[in-house]
């Protein structure tokens, strides 16, 4: 266990703002906890809701100074950029359609952005945001948080090291069940509204996570896909279940299943990767274990912090093996790594990091776009960057 | 536990012959054990190998009378049909391409056939065999043995009873790893030879099991499919991995994955079925448990012989809950049920049974044919009976 | 897969009789299936019930010849011993208190005995039976069937090979739940009647299995134990839950828990063994897997028939890995091994075998006796052979 | 997800100090993360090591103000008690033998204490500390952190509600493997030194957690126990493995196993509770699931945040079901609950809380003392408060 090291200019807390994440939000609180776990951020400003009264109320509840509670992100970006001790980074945790305008507002003022996924609600916005990020000196991080799990990073390293040989097959799936019947609540409402969520429903909300995970672990991306999407719940305007076949650039083949109508699955993201020398398997719901089988040998259970884990993964864990870490700790790893990158950047250095960025975000929106295009053409194969 | 009841004309052992299953065979021994477990069959004749010397040696080893060891199935069919106490049924356990001629030889002589899967190596043969079976008074059983597992039957009954509501999604997969690298042995040789196995490799050998299982449990069949098949091992002439998207006649959608190159999977058949009221999940490698989740309630583990299992399933189990049954007992259920049907048939009665038959076999070959056709057309959707 | 080999005098079926196991019995049918699975036995005679009408009815149902259906075991022993093709072996599957007189009747006539556990209902009987077995030329086998599981034998071999180093700790438990409330049926009645079951309830019925398993795997036996036994169900005359601490002769220490009042446990026998170099774990309810952890390395899952299993275990398996075997196949291994020993014995040879015998049976009854004595003395330490 | 609510006097962060937890410590960092997760504490002072240079270095690293980095806890207690904005609470995370003097120093000055377990290294100290706590107006919390897991609280509530009926059997175990061989490092050194750790090794370090968990869930405490303790590693001065039989006041019986020499067990705390109406099971290494079996019904898997969980547990979870929480979140629940109690206390109110306190701490040390006494008397039954 490391000491948090706040006396070091490199490691003192980063001043953080937040867009979205007010009362009744889910992911905003996750970001706040993730930012707090390692003591590397201090939340000092917020435009926490598009409803001014709620923004006000939420900001006070969070203990923000009155003058740093903003009614909208534009005002926040402008003023914070001018403050002597203005925010250094902003977390954007709004519904998808706000990601682009909000991120742009901060990027153009040199404030680093930590943005929730998917990148944007439309491919056009994604391309514009990619351009904005490229043109900005500020950094852009995308919270495909499942990449923060230590055993996911271990899997990635094993594939990279060739432990599995040439990758042939990638099976990834992300079933949930909370939209099995029609729901009416804040979380369900915007996620099933194409105007706010984008053209993809389950594909955008969770399919992008699954696709990102496959790419992260294998180091590959898909060239083309064939998708059969469904909206099982009557009246639903976006897909709630998607079946996708994928062809990776390297010759590997894969399937991807995302669903929000699969009773008995809470958040059952799972990935399996097979090469000509071995296979591995990881389950998000029991994330401290990685199952690895070198072909012809018994299956091994590599544990977070335990025997078999690479030394390089150690900084992504906080407690000894057998003391389970979970979703929040994986999420916090992205915040911690981003903090390192931000401090290095401020010191004029570029350091490598595993945190997904703008290109991963663009790839995710291309994935959703390709799924929707393919499905509209009766599951024809389409290019992801087509 | 029932007494085996051999004093009853209905339950005395059936005289059984076998085609194939000699030395070094795998599935022949499985059929023999399955036929013995409940004492409902007595093996009395065999054409156990296409190599006469091996047929002879194997017949003797099995303790068959000299004059009932045959060099070929045709000779066996002819003579046994004339014997006063000739065989009443024959188990056909040869490589796929022999199923059709062998089955025909017995069917036309009124000898009941218990045939291993897939039905035949070609669709043309399958159709001819279907006609032969229809024209025969003899019965035809196909050993899609996974339907014999009690918890599979429980799943089927729950779907049938509407416990899951309207079925929306069916996920079935059957990964193995034994063909990850090139193999040279009796089992691998014929299975990777299109002339003996058929045009499908993994699709024929195990994909048919997976497809049959999905149909058996849901009571539905697929209307069309889109398949992306691969032969990953250099030089392999048949698929060793297949990704399939399915559209069921009822509107349900599904995926099917079969693979023989997925290290860490021994015989990892798994099915998950989701409806608008609940979901269920079953794993062949730990087959005594069925996971059932009524939407909005905790997951329940229904156990073979235990609480939650329907009374109607009880005859398919032999021992109390917690005393695991396995592959052979599931297989034996097909033999036991077939014995009931045969004895009833001999008494002039038709009784219902869950044992797959000729139409299931034809459906399986149509599935393989459709996969091959679709894959050749870049995974276009094709009809199964197209 | 081997051919069953009945043409060999060494492997032709053994003529078997049965004492007990009539209608409504549980374990008799298990013995019959186990004897049939490998085709090494033919059931030809029986004294299947102490109720003559039921013995008659059961014998007929099983298809025995009329003149080989006996009203009592003594008559059967006498007559079969004189028949030219009389039984070569007998399976004794009665309630415990009949084991001794029945076994004695056959042993003294040179008929081999395959007896269910525990050996007897009293320690006095056990000692007399041990003497009878020692004085007989006939063989005595005790069906502590859990030793027949391939992965149990694998565990034993790994301990024997020193893979775990010096054994320090043995944790074994056998919880069930079927006697959680008062039951009234054939199985429950005699098992909770000290006159038929013996002084131990759960300790005798399942504790002996657990203790035997610990001894079988570790190659050690306990020197002393301290037991705290309970009868939780009002009016129950024997223990239905037992907590035992054990001191093995080698210096290892252990605990044993047996219970028939633990809801949620069907037949949940589990063993864990720890040495200074590694640990292993096996669960009866999912018996095809053995978890092995060399200290400081990742846990490995050794599978029946799969990588990591010793070649020496192969004869105890019938089907490839991933095709689960269960309770009946493990039980059948004892019958198969006993058949080998019997045929060798008939040929004048003694061969080694893993099938438990008379000394294991005596040890089991000593275990029960010690538990009861210790518990009566407020869980004082007592010697097992005290 | 709630907003953290810092604008409320009831919920603004509590000023926290820390004793111990400097560089190389394990549990200190855990306490700091736990205190940060919900934003209810601010660490402002520390006496982080008994080595002044390390205390200094660690305090700076943590970003403490220079004048609130103390060389010893006595100095910190004195000065902080006099400061206008001195600490309101202190976390004591030293080796065991320092708990008593440190806690006393703060309690007598009215500073609330959050102390790691076990309460003290000796029973005499425990009694003195209990008296000190009773005599102080300040609050005392003991971090038996496993009680903070939502599913543990769910288990407790179900037992309390009578879902399991009258409790009969409690099986709790806590095996680890890190001390399988001799270790020499900060963590191992003090834990195997009776002067710092106390007379119990594994019994004190983890056995107390197991015993506390059993008491917490069942609402009962043990009246007497019989313990057989071992020191398997040569030269080790404290037990590294312990077998304990327990008699609870209510008539329930139980076993407890703690071990630090069981290879393959990282931190494998597990509890099973059985009553006359049902049973439950919980595993710390996969803590989001509680297995519950009403007798005669299928096992149900109650999930954190999911169906089957009581509403009363909801405040102890932060994220939706399927998003796993772990050790740190469970630990954080104690900190969060303690914050509520502290703020209420400051407002003159007493509120109920599930956080263990001084009496639980005393019970834990009595447990260790009883184990050591019993084992010294050849596992005789001893009273816990004897």
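Order of writing sets the chain letters: A, B, C and D. Residues in each chain are counted from 1.
Just so we're on the same page, a residue touches a chain if its C-beta (ideal position, glycine included) is under 8 Å from a C-beta of that chain, and two chains touch if they have at least 3 such contacts.
Heads up on the chains, UniProt names are A, B, C, D = Glucose--fructose oxidoreductase.
Remember, it's a predicted structure, so these values are computed and weren't measured experimentally.
By count of C-beta pairs in contact, A-D exceeds the other of the chain pairs A-D and C-D. At the subunit B-subunit D interface, residue numbers used by both copies make up over half of all numbers present, so the two copies contact each other through mostly the same positions.
Rounded to whole angstrom, the centroid-to-centroid distance between subunit B and subunit D, based on C-alpha atoms, equals 55 Å. Rounded to whole angstrom, the centroid-to-centroid distance between subunit A and subunit D, based on C-alpha atoms, equals 34 Å.
In terms of their C-alpha centroids, the spacing between subunit C and subunit D amounts to 44 Å.
For subunit D, residues touching at least two other chains, in rising order: 265, 292, 299, 303, 306.
In the complex of the two chains, the subunit B residues touching subunit A come out as 164, 168-169, 171, 173, 177, 180-181, 226, 228, 230, 232, 241, 243, 245, 247, 253-255, 257, 259, 261-265, 272, 274-281, 291-295, 299, 378-379, 381. Within the complex, the subunit B residues that touch subunit D are 292, 296-303, 306-308.
The touching residues of subunit B, counted against subunit C in their complex, run 1-8, 12-13, 22-26, 28-30, 32-33, 36-39, 58, 60-63, 176, 178, 265-268, 284-288, 303, 306, 318-329.
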